[in-house]
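Order of writing sets the labels: A, B, C and D. Residues in every chain begin at 1.
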Amino acid sequence: MFVKDLTKDFYQVVAGKQCLILVNFDVDGICASKILQSLFKNDNVVYTLVPVQGVKDMKSAYDDNAEDIEYVVLVNCGGNVDLIEILQPEETVTFFILDSHRPYDLKNVYNEKQIKLLGDPTLEEAIPEYDVVFNDDSSDEEDEEEFSDNEEESAQNRRLRQHEARINKKIKRREWEEKREEALFHYEQLSYYAKSSAVIAYEMSWQMSRDNLDMVWWAIIGSTEQAILNKVESSTSVLESGNLQSHVSRLTHARGGNIDKQQLSAIKVTYDKDLRLALYRHWTVEDSLKHSLPTAVALRLWSIKGEHRMRELLAEMGLPLCQSKQKFTSMDLTLRNEFKDMIEKLSDKYKIRSIVSGDFTMQYGYRFKYCATDIVYAMLAILESTGRDRPPQLCFLEASDCLSRMKKEILEKGIEKAKIMLGYVFKAAQSLLELKQVTNAGNFLYVVISEGMLHHHLFAHPHMLLMLAQFILRAYAESTRSRKTATLPLVASATFSEEEGTCLIVGVPPVLEEQPRSFFGKAFSQAAENTNSFIDQDYFDVTMARLKSEDRPKFFDALSALLQ
Amino acid sequence: MFCRDAVKLVAELNQTEDIKPFNEAVFRQVLEEVQSLFEENSKDVNTITEDNTAPKNTLLVRHYAMNRNKRCLLTYLFHRMRRLRQARWELGSIIPPEISKNLIKPEAQWFHNYNKSLATYMRTIGEDGLNILNDIQPPKSLYIEVRCIQDYGRLEFDGQSVMLKKNTYHLLPRSECESLIRQGYLEHVSS
Amino acid sequence: MDVSNDSNGLDNSAFENGGLNDAEAEFESDEEELTSDKALQVLESAWLNEKFAPELLPHQQLLVECMVQQIKHMEENVQRLTKGDIRINIHTMEICRIRFIISSYLRKRLDKIEEFAVHLLKEDARRSPDEKYMTTAEAQFARDYLTNIEKLFETVALQHMPQRCANFDLDAISMEPNLKKHVFARANKDIPTILISGVHEMEVSFAKGSQHIIQYSAIAHLVKDGSVQLI
Amino acid sequence: MSLIQPNQYFSIKDILVTEERVSSEVRQPMPNLGFLCSSSKKEHLDPGSKLDIPVWLASSLSSKHKSIVSCELPRFYKDSYKEILHADACAVELNKWNQYFYELGLILPPIVKDDNQQIPELLLEVFKSRFRLIMDCEQSVFGAHSIQVQLTALEKQLLKQGNQGKMLLINWLNKGVKHIQTSDVVDNLRKRKRMEV
């Protein structure tokens, strides 16, 4: 069931108790849990936090830690699966779900006792009515008994009536089932993301008058991740940042007094128009142009011609080559100050679309100044920097450290990692485009990252593969220049585990599609069913899944047939 | 030159703060050197006559060497003992196997006795005794955030319990985790 | 300020509180607050003095016992509060703080007792029972500590040495506190003359509340009688 | 930290410092100790033979009233070296001269025959000028490594303490919260385990 009043029906229930927090491996989830943790710490709510990568992880984390626990908070996980079925919990356990994955599993929606979905049901999109989906009428047979009690009726009459009733019921039942199928199909067909969990958690803290600038900053980062990874429509992001901006200014003014004086030591969050160039304040202009989606796509930087175009742009801006290859921070001050305007002015000429958008910046003391996108990239890079002595959980905790103002070193390391990450995405996209690896299957595009490719193993990480897929789709659409390609979605695939012979697939919606809703979740499972191939939809984001590598060709065929 | 081996023991102490395996070989060599110095002195002491006092000088040199050897041996023992005592204060009455495997029997015996006398002392404080090795840091908050860096298992407190598995993150009562942090199971996280 | 008298008085008050039944304890908590506050103050100052003085200071057994009693009393009070009561946190925090101070104070003493065991035992042997610096338990601990070391030395090294070489007297190597160490001090009252010995003998005076860096030996007696607080 | 502790019997540092060698000349015969002088193959140590002996032995054999041997100052306290130090003490890799430069300088004067060398004054002067160097490098973590190679044991310890002090200050500035830490004992154990692996 939905819980609308988070303060009363969630926070005050949990306060003073012990709870288990399970958090999905994504930036928004980390931000949301950070806000909860901060509240819990102030109220001395003893908690255990375990990061989970998928459904199986969630199950084992629950089993490991469930003893003595009555309250479980699930952040960005658990909402779109049948939780009770999977976890088989004791009846005394209550689950609070703060999940931005949609659609919710209907079993969760209509479980009145154990499942509490944190959010306002009126904001949800058409959820089928209870009666449409569930049939409580399990007493079919008993009904008939009732009839038999009627002694006065003749046996024949009775039989006739029973027969009639049964037929009627069957017809009704069939109608109901058809309607149910349709409703379910309609409801479950597309997967998408709803409002950032971090923002919801923040708004709860605000309702309790417990919010502060740190928390709103975390909410900003959560919502920025949704924007960067195209999880939500851009118009939604803009609205959300307006909302967050008002919170920022309220909190800034609430501190009141002499703002100028506070600026030196206090945290300051500002909202301003900024360039959508990844990490440019921490990088060189050239690298940043190359590795950012808007510029890389518009200038087609993966080709040699593109390289020339970039030189041309830089020359026209009056930015000497040697300066553009320097760290941005060591560029001449005047160039630095004019940089934004220069790019903006020339963006039309070079057809660089939407290069400017709003972004938040956090400043703390003199040396701590980062914008929200910087931090999202750093966190993504850390989150997926697993290795032999870096288990995923450790990466998760380190990514969460990026949110702490006290851990600048970790954030700095993350930013360095992010540069490398973006570099690999770019290089992979470049070589895939050069080698014409993008295949048009008629109604969708697909690309397979072969094991021969440099650093192919990095794309066994879902976010990395997702970013690559988005990059390639844009770049491909731009370079073919046909209207048709802009309407096609793309599926990217990379080896997940060589030993197990499995691969990771991710589907991204077409460039022209304004609403980032994806039918791939359903389509993947359908295609797998049709071809009898094994599919592991373990991720909470259903547009990602794992397949047996050997099944991949026939899977793509089936997918193609399905999308006719 | 005399006492070369003895200084090796002391130099070993200087290298690390750890309790390394007891260096029995060198320790025994030093004891043997002391023995032979002593025997030579007993032999030479008879050669001193009124006319020939020169052997006195030799005796003196050997005497100093014996004392120097003794000093090195005892210093070796003394510092190992102090380190062990430090471990007792920081890690509690059960020493981790990484340390205990490096001790010789009399050292283990010393540890046992020290534990006993410490416990005897602590029992005398107040009516029921007070473990004075518990509250090492001044308290700032009752609950602290910790990251589990080594599997520990179930931790019970106040009728609640929590599973401490590597790479999980918790908010727990400070008093429950302080010793686990010092033993390296948990890491105190400041945010 | 006569510290020992002071702590005696405190002991009595704690005793009275202990005798009250629960309701009365709640009721008279204001009065209890006052006395325990004072006791805490004395404990804190003893703790700081012990922390910064190079030598072991006279023990405060009564004070410690009183405070341990106090903790127990507070813990019982907390137990009675219902879960979720805001006072639980405040009280528990306070208990932790007091326990920390007591523990830290006693730890510091044990540190010094181990370091200067021989010296301290010798000094205390000369003092009358009321004036001893160590408590009975501490003295026992010091003796045990020495016995244990001697035993260790004996079994591992000395017994394997020739007779004449095997003599070993811990006394000969006993450590004494370095009283010439400089310390930070604050005067609790006006002190007209303090003699600083050394190559150039000097006389200084402390005004009440003033702070100084000074050789410990010059003010050792003032620390012990409470006129000066080490900080 | 003090150079001279009241009782040094168990002092590791004192034992190591007194293990340093000084050159000496034998003044009185020492029968049966010829093997101490590696250059001669004689059975006894005769007056006039020269040998290097550790400070602990030298201090016992060459005090004011006993002079079984006479000892010489190590060269690095002598005039030619003094000039180098006067010129620029900070440029000298003092640890190559002797890592216990200061400590030795303090114990040697009563032992050596010509103790009119004003070593204490020299030490003070050298220390004063080099102390500033150490202070500077405490503040910058980066410089620390390059300079460490030329510091004596005492200076290294000072640097270490200075750095620790600085870290404490930084931690305190960051947040007044005291951090509970893994015991050093455990930390060291872990490091060693890692090395063994």
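Heads up, the rule we're going with is that a contact is a pair of C-beta atoms (placed from the backbone, for glycine too) under 8 Å apart; a residue touches a chain by one contact, two chains touch by 3 or more.
Since the model is a prediction, treat every value here as computed from it, not as a measurement.
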Which chains contact both chain C and chain D? B
Which pair wins on C-beta contacts, A-B or B-C? B-C
Per-chain Cα mean versus the mean over all protein Cα atoms: which chain has them closest together? B
What's the distance between the Cα centroids of chain A and chain B, rounded to whole Å? 53
In angstrom, rounded to a whole number, how far apart do the mean CA points of chain A and chain D lie? 62
Measuring from the mean C-alpha position of chain B to the mean C-alpha position of chain C, what distance in angstrom results? 26
Here the gap between chain A and chain C, centre to centre from mean Cα coordinates and rounded to Å, is 59
Residue ranges of chain A touching at least 2 other chains are 44, 406
Among the residues of chain D, pick out those that touch two or more other chains and give their numbers. 9-10, 175
At least two other chains touched by the same residue of chain C: list those residues. 89
What residues on chain B touch chain D, complex-wise? 1-3, 7, 10-11, 13-14, 16-18, 40, 44, 47, 54-55, 57-58, 60-61, 64-65, 68, 71-72, 74-75, 78-79, 83, 86-87, 90-91, 96, 98-99, 136-138, 140-141, 144, 174, 177-178, 181-184, 187-188, 190
Show me the residue ranges of chain A that touch chain B in the complex, using the header's touch definition. 18, 37-38, 40-41, 44-50, 64-65, 67-68, 391, 393-394, 397, 400, 404, 406
In the complex, chain B touches chain C at residues 27, 31, 34-35, 38, 66-67, 70, 73-74, 77-78, 81, 85, 89, 104, 106-107, 109-110, 113-114, 117-118, 120-121, 124-128, 130-139, 141-142, 174-175
Residue numbers of chain D touching chain B in their complex, please. 9-13, 15-16, 19, 28-33, 36, 53-54, 56-57, 60-61, 68, 175-190, 192-193
Inside the complex, what are the residues of chain B that reach chain A? 142-143, 145, 147, 154, 160-163, 165-173, 190-191
